[in-house]
Amino acid sequence: MSAPPQTVPAPAPAAAPAAAGGDAPLPVVDQAAVPFFEIETLRAREFIPAAKEALTSLLKEKAEGNVIRPVFNWAGRNSLFPLHWGLACCAIEFAAAFGARWDAERFGVVPRSSPRQCDLLIVNGTVTWKVAHKLITLYEQMPEPKWAIAMGNCATGGGPFRTAYSVVPGVDKLIPVDVYIAGCPPRPENMLDGVLRLEQLIKERRD
Amino acid sequence: MAPMTLFSVADAIAAALLGLLGRLLPAGAAHAVTAPDVVLGLATVVFAAILLAASMLNTILLIWYERKLLGRFMDRRGAMHVGFAGLLQNFADGLKLFRKDTVRPREADSLGFWASPTAYMITSLLIFGVLPISTGWNDGSLPLTLLLALVIFSFAPLFIFLGAWASNNKYSLIGGMRSAAQMIAYEVPILLAVVAVVVLSGSFDLTTIVNEQRNYWFWAPLFLALIVFVAGMLAEMERIPFDLPEAEAELVEGWNTEYGGMLFAFFMLADYLRALVGSILVVLLFLGGWTWPSYVPSALTSFPLAGIVWFMVKTYLVFGLFVWVRAALPRVRTDQLLRLGWMRMVPLALLSIVLAAVVVAARCLPVLGCIPSIGG
Amino acid sequence: MWINMGPQHPMTHGLWNLRVRVEGEVIRDVEPEMGFLHRGIEKISENRHYNEVITLMDRCCYVAGMSWEQLFIQASEQALKVTPPARAEYLRVLSAELQRIASHLMWYAAFVQDLGLMTPFLYGMRDRDLVLDLFQSYTGARMTYEYMRVGGVRNDAPHGFTDQCRKVLDWLLARFVEYDQLCLGSTIFRKRCDDLGVLKAPEAVAYGVTGPMLRSAGVRRDLRKDRPYSVYDQVEFDVPVTDTADVTGRYLVRMEEMRQSVRICRQCLDWLDRNPGPVLADHLPRWLGAPYAPVGREAYLLKRNYPTGLGFSMVEEPHGEAGAYVVNDGGEHPYRVKFRSPVLINIWAAKRYLPGYRIADIPPIMGSVDVCVGECDR
Amino acid sequence: MRGVELSAALAARFGDKFLGLDPFPGLVGRVRFDPSVARALFEYLRDEQGFVHLTMVGGIDWVDHREVFYTLWSDRDRTYLQLSADLPADHPTIASAVPVWPGANAHEREAWDLVGIRFEGHPDLRRIFMPEGYEFHPLLRSFPIHEPEELEVKARSD
């Protein structure tokens, strides 16, 4: 196409037999060559995709990077709901972190019992092979975006039970883990520190 | 001068907006734009938007209020670090849930699964259209607002049960069945308690009911009805002594076990919307709405929007009572709950109707007229 | 309809699965499924030194670590023929009783949460933290202490510990009153818990149920009285018993046990104030404290003079009667260690005490059992 | 004292199937018996000697044979008694104690799971701790214990 079309171009002669067959091809418009302000010259069927593209490109470049992403990132990192699941010793300290002295709810960390409503799987204890597939199921039941914390030595690498025949030596063999917390068991403030480090990780995320 | 209602405010805003638009357009188009029908249509939209914004904002504030209050009851501090004193915590929760993936279990029924939270949310919001918050909130052109509010309020078990059934989860199903049984059982005492109020005030219109309370609030003569109504509302709102449908200990999350993301946020918000409606109804029916006792110095009552402020203070105090109950009481069992509803609450409500009738009769007899009559 | 309650369920307080067959909301049959936390502690113990097993004991029952340390240490001392000094025994009893208070507070928190009571859960956790602070002051850890040793305890209590301990005990006694007001004072609590989960004495004995569950059924059995180990015969306390055999009875028994534990602790503190002394036995087999087994000729010599024997110990643990059976064949590791877990048996009797009640009753009933899956699955 | 009486009573009742009563500090003693009389011995001890409570059941793998031991508690005498029987390693079978003490159910499932002792007459002898379909009895001496890295190295070299 040599020049920008000022009017609707007539169908090319070669296309006439096809038009008689009721299957007229749309006139081809090189949209890259059309200036934005000449949009009313296009037909209505082409207006919608053009406008959509213009809007999305505007949003993508300006709003998404500067507004939408930071806002949702802020929301996501400030309201991490862990799954209410106690595995072993660390579960007691996990519970203590929600007690009166440490009060994890200060940071918006509220345990939920249903994996569908959780963002965070805190593996607080020894994982055995018998419970491994249930752990994976729970992790998969959580909707995206989701994170996992391996709390304590057992979840990190088997801990004192790593030589046992029934223990998974490290939960990262089963699910992707974002933050590891050392300790046997970690103290509640240690666990909260892990959660805050995860928040930092989410903040620095670029995707 | 006609009382300024919320709708007249919306009308004025719509007219102003359209007038502005009309000035930009050619004359013929401006005439079309400022036609009364168009103004009325835009006014309705503006009205709905104001209501939506106000109710949602209040609900989110209510959740924050509950979290802080519960924290204090429990010797801790509640949300603190997101925003000033955790005020932005609920916004963060909401935005996060908005962004989250919404998973529908494979075996779940698609239509029911999506429709029920939406319908639950919509019906809960709809009630705010008929609740007067202050004098002249609506102008009395709708005479049966109380009835309408209660009817919309009682739609909920239908949608809860629909969602629970559609989830295809055993916990959800049991929770949904409990919810339906509980709400139906407590509809009756609530309505009977409301009948007592209606007998005393002689009207189904909430504005009239509040205006009838200018001289004395209804909680004094109708104390029994107040107890029945509050207990019934606790059951309808599914708050803690009666929160069996979402009993965390036995049914994981109750009927919203399978819901996550935005649909769960809808359920959660609608729950608190209903809690707000419940508190507002208690204030309207028994605590004198936007009126204040006569001994309150006029400095406290004469500032602009005093009615709304007083109303919200009362509402939040009533909701604080609900939170207190939540912090202090354990959960009852299904059969105990139903027995309480049918065997205790219904007779009490009936008794309160009789009491209301006695009060009305006493008002008619000048000899026994110890209670000041209404309207001189 | 079969319902799986677990392994991820708020009711379980750990990793186990309760399969329930219900008709409507009424329970017809239950089937506990265990083993999700089976960590092979008995097998690991066979490959460790006696003092290294203590590490596992803390993790075995993570809410009552001290009691399980005491259990294993007593069995090992019997197998190895070692006698600890008296001060160590008093410190052990003090630790075990403080542990009983901490464990019962943990139980209280979990139990009331099952009933929907939110506030007492936090109160229980808050007061438990005070007891854990005491532990921290002389063992250095909140939950996993590794405090007891074969032949005594690791270290003495620090200066000023007894006064601080008395203060905490006074505070706790005042709090117990509040707990009772929050629970027994509530009509809903009584309505929900009375005549719930009834397990009468003959069935309880037949099923081997022990601890507060058995005492709530009217059987006055407490190993601390019946078969006094350590220095329990030198302290005064009562064994609380009720005959209702229901959830309220278990609640009452546990609350009273906490008060009795405070009484025992005070007597131990008085004794500790009066009697300073060593806390570790002088004549220990040489390698007991060694991180690695001696090698070569020394090992052979030690082995020759080393006693063989069997050790058997039963301890009244917060959950019930825990037992340990240690076989010492003269090696540096125990040949076989077998533990008896009270919780496993108490859960197993659910087939008797759950059917007939409703789904809503499962959390309070199982809460009143006081489940600790760590010791149950080992 | 009690041990002497019990020893005499058991010898009179079970003859040469009763193999002796060893002293055990803190307990009545340790009764060794032939596994063929297990059921009769349990009933006798419960009904006539007052050992109403079964405390624990466990097994020991002595490589050449396996031992099964029971601990009983008597409410009457406030004391424990231990029973012990040797079973052949290739066919470790003994009568179940569940009909006598219902509480033995979980104990015996545990002993079957971990040590591989088969209890005849047990209503539901399945694994309790290890998952269904697990092939080994982990507390046998022939079951090795590894560092996880060793296993990985081994798997890689295989």
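Letters A, B, C and D mark the chains as written, and numbering starts fresh at 1 in each.
The definition used in the following text is that a residue touches a chain if its C-beta (ideal position, glycine included) is under 8 Å from a C-beta of that chain, and two chains touch if they have at least 3 such contacts.
In this text, all values refer to a predicted model and were calculated from it rather than measured experimentally.
Looking at which of C-D and A-D shares more C-beta pairs in contact, the answer is the pair C-D.
When every chain is reduced to the mean of its C-alpha atoms, the one closest to the centre of the whole protein set is C.
Chain C and chain D have Cα centroids lying 24 Å from one another. The distance from the centre of chain A to the centre of chain D, each centre being the mean of the chain's C-alpha atoms, comes to 54 Å. Averaged Cα coordinates give chain A a centre that lies 43 Å from the centre of chain C.
Computed from the mean C-alpha positions, the centre of chain A lies at a distance of 35 Å from the centre of chain B. Across the assembly, chain C contributes residues 9-10, 35, 38, 40, 43-44, 47, 122-123, 126 that each touch 2 or more other chains.
For chain B, the set of residues that touch two or more other chains comprises 74-76, 248, 252.
The set of chain D residues touching two or more other chains comprises 129-131, 138, 143, 145. Across the interface of their complex, chain D is touched by residues 34-35, 38, 40, 42-44, 46-47, 78, 205-209, 219, 221, 226-227, 310, 312, 314, 321, 323, 325, 327, 335-336, 338, 340, 344-345, 348-349, 377-378 of chain C. Residues of chain A touching chain D in their complex: 129-130, 158, 162-166, 169.
Against chain B, in their complex, chain A makes its touches with residues 71-72, 74-76, 78-79, 99-100, 103, 105-108, 112-114, 116-117, 119, 141-145.
Those residues of chain B lying in contact with chain C across their complex are 70, 73-76, 170-171, 174, 240-241, 243-244, 247-252, 326-336.
Interface residues of chain C facing chain A in the complex, by the touch rule stated above, are 7-10, 12-15, 35-41, 43-44, 47, 55-56, 59, 62-63, 106, 109, 122-123, 125-126, 128-129, 142-144, 373-374.
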